[in-house]
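A single structure is presented below for examination.
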C-alpha cells in the first residue's frame, strides 16, 4: 500500500492535535503516513522528504506546527504538491502560528486551516484527492449528510430543556 | 471549453485583488470562470452555484471576500469541492476577513491563503488540479524554477549597489 | 402559544452560554423557541428557518456561534427580521467570532452583543419587542430599577470590609 | 412630524460616517432627528435626551462614537429603548471603539454594528420598527431584492473582462 | 475623618483587584472611602457622586471596571478631579477594558494604569496628594527605598541556586 | 518664574504631538519647561533630570515616547513625582507604545493617557495641580463648560443639514 | 573564574523561566552570573551593573522581564555589549513584554527572542561567544546534531501509533 | 577583503529598509556582503549559503523578510552563527513578520530587532563582533556618545519654541 497523504508535525508533542487528521484519512480509507520532522531541527530531512514526496506517490501533504510555524511553508517551497497547514496553539493563543503559516509570499501557497484544525486538514486532503475520484466525492457527500444528521439529533436533545415560555414543536 | 476552476468574489470591488488568481489560471491554460456572488446579498445564487458546481465540471472554487468574510465558508458548507479562501483587506488590515475565513468549525474546511493573496490562491488551484495530471505537475516544477531565476536576476541588480566596505562576488 | 423570539445556536455545546438568553425571555414572559442549526452543517435548514420565520410569528432572532461565526450573518441575509448575534468564545478568546459577526458588509446588519453576552441578547430582544408595547417597556424600566437595587445592596456588603483609614458613611 | 429614530454622534466630525444612517432612514421615509451630543463633554444633555426620548416618540436610538466610545453604552444605561452602536474609526483602526461599544456588561445591551457601519445601523433601525409594521417589513423585502439586483448587474459588467482561458456564460 | 480618595468599582466582584488600592492608601494613612457604583446600572448615583466629590473633600478618584469599562471616563466627564482608571481583566485578557479607559477623547483625561494594576493606582493617588505635601513626598521616597531593599533581598536568595559554572559574588 | 510641569519627549520629532500639552499649560498660565531627553540615548541626563526635578520646583512630569516607550517608566523609577505618559504613534498604530507605558509593574505607576493624547496629558497635569488650588479648580470647571458650549454650537451647525424626513427642533 | 555572561531578571519570580538560560550556559561550560535587578525598582543598581559589566569581563547580557519590560532596553542604553531580551509572559499572553522589548528605537538594539524563550537566549549567547572561538562553534554544531537525533528518535516512537490505513516504513 | 557580516533579504523590494544595516556596517568599516535570497523561492541557495557561511569567514548574519518571514529561522536552522532577524512591514503593520521571526522554538534562536529595524540590526552585528575586539568596542562607546550629542543638539533647537508660560534655561 502506497501512502497518498503525508502528515508531518514539527514535534511529537503536536500528536494530540494532528491525530485528528489521521483519523479522518483512516475513516475515508486513504493510505497515509505520519512523521515528525522539524523545519528547524531536521532541515535536511525536511528537504529530502519534500523533494521525494511526489515520486513515492504522495499527492497531498498536511503539516502542523506551532509558534513561528515555518514547516508548511518550507515544505511548500520544495515541492509543487498542495501543502495544507495546521497552525498549532502553543503560545499567543495560536495567532503566531496562524500568521506564520497563512501569510505566505506570492508563489508559494500554504492551504491554511483553523488553529488546531487538523480534522479539517484531513477533510481538505480528501476533498483534493476527490477532484478526479467520483467515488470519493460521493463519500464526501454522504459525510456531509452525516454532519447534518448529528446536529439534527443533537437538536432533539436540546428540545428536552424546558422553560415555562419555551415553545417546542 | 468547460471551466475547471470558478473564481467567486463577494463584490466587483474585489476584482483588483482577485484578478491575480485569474492571471495565474490563464498562464497555466486552465479554463475558468469568474463571477461576483455575495453570501449576504445573493444567498440563493450562492446556493445554486455551490450545489451545481461539481456537475458542470468545476473541480476547485476560489472565493474572495472582505470584512466578516463568510463567502468561502458558505460555499464550502454546500459542496464537497475544495474551496480556497482569499481574505480581502477592507477594514482592520484584513484581520477580520482572515479570521472569518480560516477559523472554520470541524467538518467544513476552507483552504485559506494570505490576506489579498489571490495569486497564491490561483497557484494552489493549479496544484490541486495537478494531483492527477503529471503534465500540469511538471509545469509547476518549471514555474518554481522561474521564481528562482527571477530572484537570482534581481540579486544581480542588487549587487550593483556600492558601499566602500561591501564585498561583492 | 406562538414563539416571538427564536434562539438559534451553531452547536448544542453553545447551550451553557445561550441559555442565559432563554432565561431572560422566560423572565419577561416572552414565548420563544430554541434550536441548534449550523450555518455550515445544516445550510438548508438554516435557509428554511430564515425564510419562514416571519410568517410563523417570529419577530426577533438571536443567533450564537463561535470561531468563524457566520450563523447570524447567514440568517440576516435571508430575512429582514432583526438578528442579534452572540459571538461565542471558542478560540482566540472569542475575538474571531466577534469580528466574524460584527463586521457585516453594508445591507445586512447583525446586532452584535458582547462575547458570550447572551443575557444582553435576550434583553435586547425584549427591548425590540417593547417598541410598540408600552406594558413591556414599563417592565424594562422596572428591570433597570432592579439592576440598580442589586448593586446598591452589594455596596452595603462592601461597606463591611474594614481598613483603619477607610471612611464609611 | 414626530421623529421615531434619533441619531446621536459624539462629535460633528463623525457626520461623514453617520450621515449614511440618515440616508437610509430618509429612503424608508422614517422621521428622524440627528444631533451631536458627547457622553464626555455634555453628560447632562445626554442624560436629559436619554430619559426623555421615549416620551417624545423616539423608538430606536443610533449612537456613533470613536476611541473610548462610551456614548451608546451611557445612553443605554438611561433608557430601555434599543440603542444601536456605530464604532467610528479614529485610532487603532477602530478596534478601540468597537470593543468599548460591544463589550457591555450584563443588563445594558448595545446592538453594535461594524466599524463605520452607519448604513447598517440605519437598516437595523428600520428592521426594528418593522417588527409590528407589515408595510415596512415588505419594503425591507423589496430592499433586499434591490441589493441582489445590484450585484447581479455588477456581475454582468465583470463578465466583460476577457482572459484567453476565461469561460463566460 | 474626611476621605481624600474615593475608590469606586463597577461591581463588587472587582474587590479582589481593587482592594490593593485600599491597602496602599491605608499604608500611607490616607483617609479614603470605597464604593461599588456602576456607570451602567446606577448612572444617577455615579452622577451625584461625581458632582459632589470635590465639595465633600475628595481630591483623587480611583475607578476600576472591566469589559467596556466606561466608569472612569463617565466620572471624569462630571468632575475636574483627577480620575485614575484601573482596567480590570474580565474578558479578552483585559485589552477591552484598557482601550475603553485609556483612549479618552481630548478634554476628558483618565490617568490609566496597568490591567488589574490597582496597587499602582493607589500609589499614584498618594503621589498626586504629595504634590503639596512634603511629608507625604518623603514617605514616598522611603517607600521607593523599600522596593529596592526587597529586590536586593530577593536577589540574595536567588544567589543560593547553584550551577557548576555559575559565578557568585 | 519656576516651572511646575516638565514636558519631556523622547525625540524632537515628537513635538507635533507633545506641543498640545504645552498649549494647554499655557492656556492655564502654568509655568512649564519642555525638553527632549531620551531614556535610551541620554540615560544619564534622564537620571539627573528625574532626581533633581522635585527640588527645582517641578510637581508633575509629562513624558511622551513611541515604540518601546520606556521614558515615562524610567523617569517614574527615579522620582516619586506623578509621571503622565503619552504613548506616541510611530509603529503598530501606537499599540506598542501604549503597552510599553501603561503595563508598569507594581510600585512604579505611569498615569497613561490615549495614544497621541498630549492634550489630555496637559489637562491631567492641571487637574493634579488643582488638588490644593481652588482657583485652578474653578478654572477647570469653566473649561468643562467651554467644552460643552463648543459641542452645543457645533450641533447648531449640524442642524442645518437637511433631509426630507429629518425633524429639527 | 570570571563570568562571561550575565543573566539579569526583573524579579525573582521570573526564575522558573530564566533558569533555562542558565542550564544551557552550564551545559556549554560558560561561566555566568545570575541576578535579579529591576529597571524600575533598582535603577541605580542597573546603571552600576551596566556600566561596569564590560570591565569585569562580561561579554553578553541576557535580560528577562515581563509587562512593560524595559530592563533589556535600559541596560542596552548604558553599555555597548550585546543585550539579549527575553519577554516574560505575565499579562496579555506576553505580547506587552514582547513589544516593550523588541520595538527599540534606532541606536539601541535588543536581540529579542520568543516569549519565555530563555533557552534560546542561552543558545544565542553561546553563538555570540563562538564568533571567535572555534571550539565553541564546533560544540554548537554537535548540539545541532543532537537536536536532530532527538526528533528522529521521537519519530520512531510516533511510528508505533497504528491506524488501519497508516503506512509505516 | 573577506566579508564578516552577510546581509540577506527575502526580496530586493526590501532594500530600502535593509540598506540601513549596510550603512551602519560601512560606518564601522566592517566588510560585509548583501544578497537577496528567498527561503521560499530559492531554498537550495539559502541552504548552500547557510552551510558555507562560517567557512568563508562570515561571523554574523542579518536576515530581513516580511509576511510569514521564515528566512532568518531557516538560516538559523542550518548554521550555528548568530542570526539577526529584521521583520519587514509588508502587511498587518509588520506584526505577522515579527511573530514569524521572534517566536522560534527552543534550539534555534533568531535575534530579532524592531519591525523595519535594520539600523539596529547593523549595530547589533557590530556589538557581536566587538565581543573580542576592544577597538571596535571603543568605537561603539564613541557612537553612543554621538547619539547623545545629537539629542542634546536637537533639544537646543526645541528650546527656541516660545510659549508665554514656557520657562527655558
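For clarity, chains are labelled A, B, C, D, E, F, G and H in written order, and residue numbers in each chain start from 1.
Here, contacts are C-beta pairs under 8 Å (C-beta built on N, C-alpha and C of every residue); 3 or more make two chains touch, one makes a residue touch a chain.
In this text, all values refer to a predicted model and were calculated from it rather than measured experimentally.
*Asks:* Determine the set of chains touching chain C that also touch chain F.
*Replies:* Chains that touch both chain C and chain F, as defined above, are D, E.
*Asks:* Would you identify the chain whose Cα-based centre sits farthest away from the centre of chain C?
*Replies:* The most remote chain is H.
*Asks:* Based on mean C-alpha positions, I'd like to know which chain lies farthest from chain G.
*Replies:* Here the answer is chain D, farthest from chain G.
*Asks:* Indicate whether more than half of the residue numbers at the chain E-chain G interface occur in both copies; give same if so and different if not.
*Replies:* different
*Asks:* Averaging only over C-alpha atoms, locate the centres of chain C and chain D and give their separation in whole Å.
*Replies:* So the centre of chain C lies 18 Å away from the centre of chain D.
*Asks:* Cα centroid separation between chain A and chain H, in whole Å?
*Replies:* Result: the chain centres lie 36 Å from each other.
*Asks:* Just the number, please: Cα centre separation of chain F and chain H in whole Å.
*Replies:* 34
*Asks:* Between chain A and chain E, what's the gap in Å when you average each chain's C-alpha atoms?
*Replies:* Distance between chain centres, rounded to whole Å: 47 Å.
*Asks:* Show the residues in chain D shared as contacts by 2 or more other chains, in ascending order.
*Replies:* 11, 38, 41, 67-68, 91-93, 95, 102-105, 107-108, 110, 114-115, 144, 147
*Asks:* Quick one: which chain pairs are touching?
*Replies:* A-B, A-C, A-G, A-H, B-C, B-D, B-H, C-D, C-E, D-E, D-F, E-F, E-G, F-G, F-H, G-H
*Asks:* Would you tell me which residues of chain A are touching chain B in their complex?
*Replies:* For chain A paired with chain B, touching residues are 54, 59-60, 80-82, 84, 98, 102-115, 117, 119-121, 123-124, 127-132, 137, 140-141, 143-144, 147.
*Asks:* For chain F, which residues are in contact with chain G within the complex?
*Replies:* Those residues of chain F that touch chain G are 10-11, 38-41, 43, 47, 66-68, 70, 73-74, 76-78, 91-92, 95-96, 99-105, 107-108, 110.
*Asks:* In their shared complex, at which residues does chain D touch chain F?
*Replies:* Touching chain F: residues 1-3, 11-12, 15, 19, 22-23, 25-26, 29-38, 41-42, 45, 67-68, 91-93 of chain D.
*Asks:* Looking at the complex, which residues from chain F come into contact with chain D?
*Replies:* 89, 93-95, 114-116, 144, 147-148, 150-152, 154-155, 157-159, 161, 163-169
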